[in-house]
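Next come two complexes, and both contain chain A; in the first it sits with chain B, in the second with chain C.
Then we have the complex of A and B:
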């Protein structure tokens, strides 16, 4: 069993946690992904073990070639054979938003595959801005990710990366349906624009459900911190387009970047202002109470940590707390999850142990009791 | 208005379908609509859509559901998982997939947007390769028509920035039609007068 990367590899910093960029007070990160498949092969659903190995090989050669690295603007590219690493390493990748939960397990909705199904991910280093999953539900899932609202820049980047890969691969493309994907909900452009929004203000004013319903009426998907099926931990909501057929990439981009996201951002800011003007004491209490618990608790569950960190982030962004840095809070939102926690301690932990270690980590990082 | 199916309850769900090129209107009550697989709003998950479609009259007339000649995936299998087996499935199930796709993609039926670089190279070479990747004359005409519709909607709705993107896309698609051999991403300068 190999390790996916030494500690140093991961600790050099994920770009999307920086807390920089447009509308970073509300938009934690932007992400664009495209789904591609190779002509001449069945989709992953029907691929044999030999097909998968062959696809993996074709993609590895392409990804490790210089053209991809250059298009991705990477210092270097790390290729990880997921069937060959420990489960904990795969979980670390899930928590870092570099692979899907489904890709970690290796099993599709059809039940095909399993932990040792040949599959991989390639990650651009040092900032992890580009990742390519190979042999997921689609043979290639390319993603680019950045902090703040930056969907336009990301579209340019993913376009270049996609072209660099296609230079040596023959994509499955249909005159009427466009880029062909295993699930017809992705066919056409195969593109998905998404933003991770931090909406504690709308949660506090009780308007969050209305925003969610409105988004769903506009054919958008609203999901939690870890995508499909996940809870909205810490008031984070991932919003993305569902339509991929009949609208071009620039039109989809325009809808998200100019029409939809700014409106939600405005609502959230308005909710925060309302809280500041009308219920300042309540807000201050929530924020300082969160910091107090984070700096003092001896036992903590991941869900509780995310909720408290969410309030703390709100306090930092609103200037109610000035001795904590937003980047530090963002980073903790990653480090409190089980796989990262176990990796930082350097051994597997039982659930009760995790609660102790999590509380200790948070206390230390935020300058609380030692 | 009463439901046109049961004639008893008030019709609350109204739908316009395009069937074989002609417009068909449906006015149903909620109960009958549910039976017919008509959705009141939103986009339900595709597996749900698939189930509803299979229950709806017209598709479940006892004919054996087809399977893909290339990978052997049966339509029933797709209905269960929502996943197709290979690129050829799209042709094998085209008639059954079309209404599903339109519902899942806000009415979208033809791809608009990026095409592989390979398609552009084929286009420069002209001939059958281009048709295989970008479609026959009819497919291409339908694509243009759909873009024109979206453009006029955008202009009517005073969504000018959106209209500008659509105009770019339309120009790109039209250049494929009119100037075989030129690069669609670099349309001739005269078209740039907006």
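Then we have the complex of A and C:
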């Protein structure tokens, strides 16, 4: 298969863009990921080409069997051999948070691999709620994702999916350490919980750095919209647990779902209320200007678009803007990125062309002038 | 008379806001001013209170006689004793370019005078094309103003008005030096030609400083929207001749009307064409963003408003924006200033209130969201 799927179908389906669920005013999406490796094979970093091909083959057969699809609640499962698709298609998958940037390139942290390295991703359709990367740093990285704060439900889902895979794959497991992983920070339960938080209120009140530091002091990683090393574009922050060894899944879940995330959500809501009560004009000015610029600009960089969409999303959530749908805003947060933009236009675009097409896209989608 | 006139009438009438006339794409307005003093009285700087009252009385009788009104082509003439009106009313006159800031305060460069100093202005209605300041630095400062490049016509008009006044007033005149004035730079013909130029193209191409220096090298003064010491808000530049001694009126007129101003107009048009040909997207982006922000902001400072209106005016003149009238844009360039804003709201406004009311005004006038 050369193409990573039909864009129109994708854009309709993606569950985590819906803006539904608990605390969806602040929590854009929740994600749970586990790392698994097969017994009898070296880790990907040490694997030969033949090892990789064998692993890929074993995983494909299991993933494309009926049990996985059923456990994932999918209408169908799409398997994409990443070494076989064009770079643009791989970038689209990165922008949709279905594969890591590292997996798109095929190059591991150790320098092993490359664009031709045998590797794949399986995606549940139509809603993209389950994805399995094969031959990433770990041989299997399974993720489930959905909108709102839903780490508990996701844990149940990933357990079912994980069991469905394990039923036909021999996972590397150590009786004392648990699931073995390439990176020691994932050993044990091998689980990572993460949430994508929208924190424009804390940014506006200037409290964001304090909250970030507090999260980091609790051993949480705070990253940007596109994970490790990416900037916090548009006031979006990905917060996840760092270590998995020595803590059980229920304990990790409880900390994230019941303690830490609700506290940050409370801080953010408090900051928004403060702005609404004490600096309402400033807030209204910001959100309406954002919409005004999005509806009128002829050139726009991705970073600016994310910043404006962030303010617009805040305005929609707070009821300050009533003629724009939150789902439309969430969708644009994907569509303004280079690969999606080029896919929607249907051809490769230079940097200057992207600025034009990006502005046209947001203007059109938000009912601006033409 | 306590009030400086009915706002609604004024805003409709002002001729120089119409955006008509020669080179109106670049020349917002032309203005000719002469300075006159009465024989037998000391200059205003040395005048006693009684002198001032006497001068005011002589001038009022002459100005309010029928000859001046006829020469000015006015339906009626409004006389305003500035020592009798409130500060806000005086500020409105400054913002309309009918009196100088110095005349509003009543304080001369020497430090003489004050808010109570007997002084006045006469304004031709309804179009405000002729104004006579009495007891400014010179005892009479007559100005005629209209839209577009029209210094020749204005010279004819100011001659007629000057003659009508001279018919009943004894001007201080020296057979060798000409009309005597308080400041030596005005001695001789006592005439000053000036044009208000809109130079956003030269600003965008980065050539504005070079053109400014060239103009200054030709002994021209280059000032901002509100004259001496004011910033060039919104890319508006007031260009005028500095000295009047030793050059005849026809020579000064020829230099300004036929040589210098047309050359700057050509530069500006060339800069705009370059932008249209080579950086059209950048230009479209700027003008549409300007309109987008003007139509959506909830808070706005005067300086930002002038900058956005400047870009909007450029877009309208170049046909890039077709649903906004140039006259409306020109009017807003007055209405966003503090005194006009407060007059339109009907009460004094604090700085923060002004930002709110200014944003509301431009949004409403330009058909933005409400």
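Here is the rule we use: the second predicted complex is superposed on the first by the 367 of 370 C-alpha atoms of A that agree within 3 Å, B and C clash if a C-alpha of one lies under 4 Å from a C-alpha of the other, contacts with A are read in each partner's own complex, and residues count from 1 in each chain.
Criterion: a contact is a pair of C-beta atoms (placed from the backbone, for glycine too) under 8 Å apart; a residue touches a chain by one contact, two chains touch by 3 or more.
All of these numbers come straight from a predicted model, not from anything done at the bench.
Novice: Mind working out whether A:116 is in touch with chain B, chain C, both or neither, as first, second, both or neither?
Specialist: Touch status of A:116: no partner.
Novice: Answer with first, second, both or neither: which of chain B and chain C does A:39 touch in the superposed model?
Specialist: A:39: touches chain B, not chain C.
Novice: With the two structures laid over each other on chain A, which partner does A:86 touch: chain B (first), chain C (second), both, or neither?
Specialist: In the superposition, A:86 contacts neither chain B nor chain C.
Novice: Looking at the overlay, does A:219 come into contact with chain B only (first), chain C only (second), both, or neither?
Specialist: After superposition on chain A, A:219 lies in contact with chain B alone.
Novice: Pick one for A:182: touches chain B only (first), chain C only (second), both, or neither.
Specialist: First partner only.
Novice: Please indicate which partner A:248 is in contact with in the superposed arrangement: first for chain B, second for chain C, both, or neither.
Specialist: A:248: touches chain B, not chain C.
Novice: Among the partners chain B and chain C, which is in contact with a greater number of residues of chain A?
Specialist: So, of the two partners, B touches more residues of chain A.
Novice: For A:172 in the superposed arrangement: first (chain B), second (chain C), both or neither?
Specialist: After superposition on chain A, A:172 lies in contact with chain B alone.
Novice: Is A:282 in contact with chain B, with chain C, with both, or with neither (first, second, both, neither)?
Specialist: Second partner only, chain C.
Novice: Spell out the part of chain B that touches chain A in their complex, as residue ranges.
Specialist: 41-43, 46, 70-73, 77, 81-87, 90-91, 97, 100-101, 104-119, 131-136, 139-140, 146, 150, 161-162, 165-166, 168-169
Novice: Any idea which chain A residues touch chain B in the complex?
Specialist: Touch residues, chain A against chain B: 37, 39, 41-43, 45-46, 108-110, 137, 159, 162-163, 166-167, 170-180, 182-185, 187-189, 191, 216-217, 219, 242-251, 254-255, 258.
Novice: So in the complex, which bits of chain C are touching chain A?
Specialist: Touching chain A from chain C are residues 281-282, 284-285, 288-289, 291-293, 295-299, 356, 359, 368-369.
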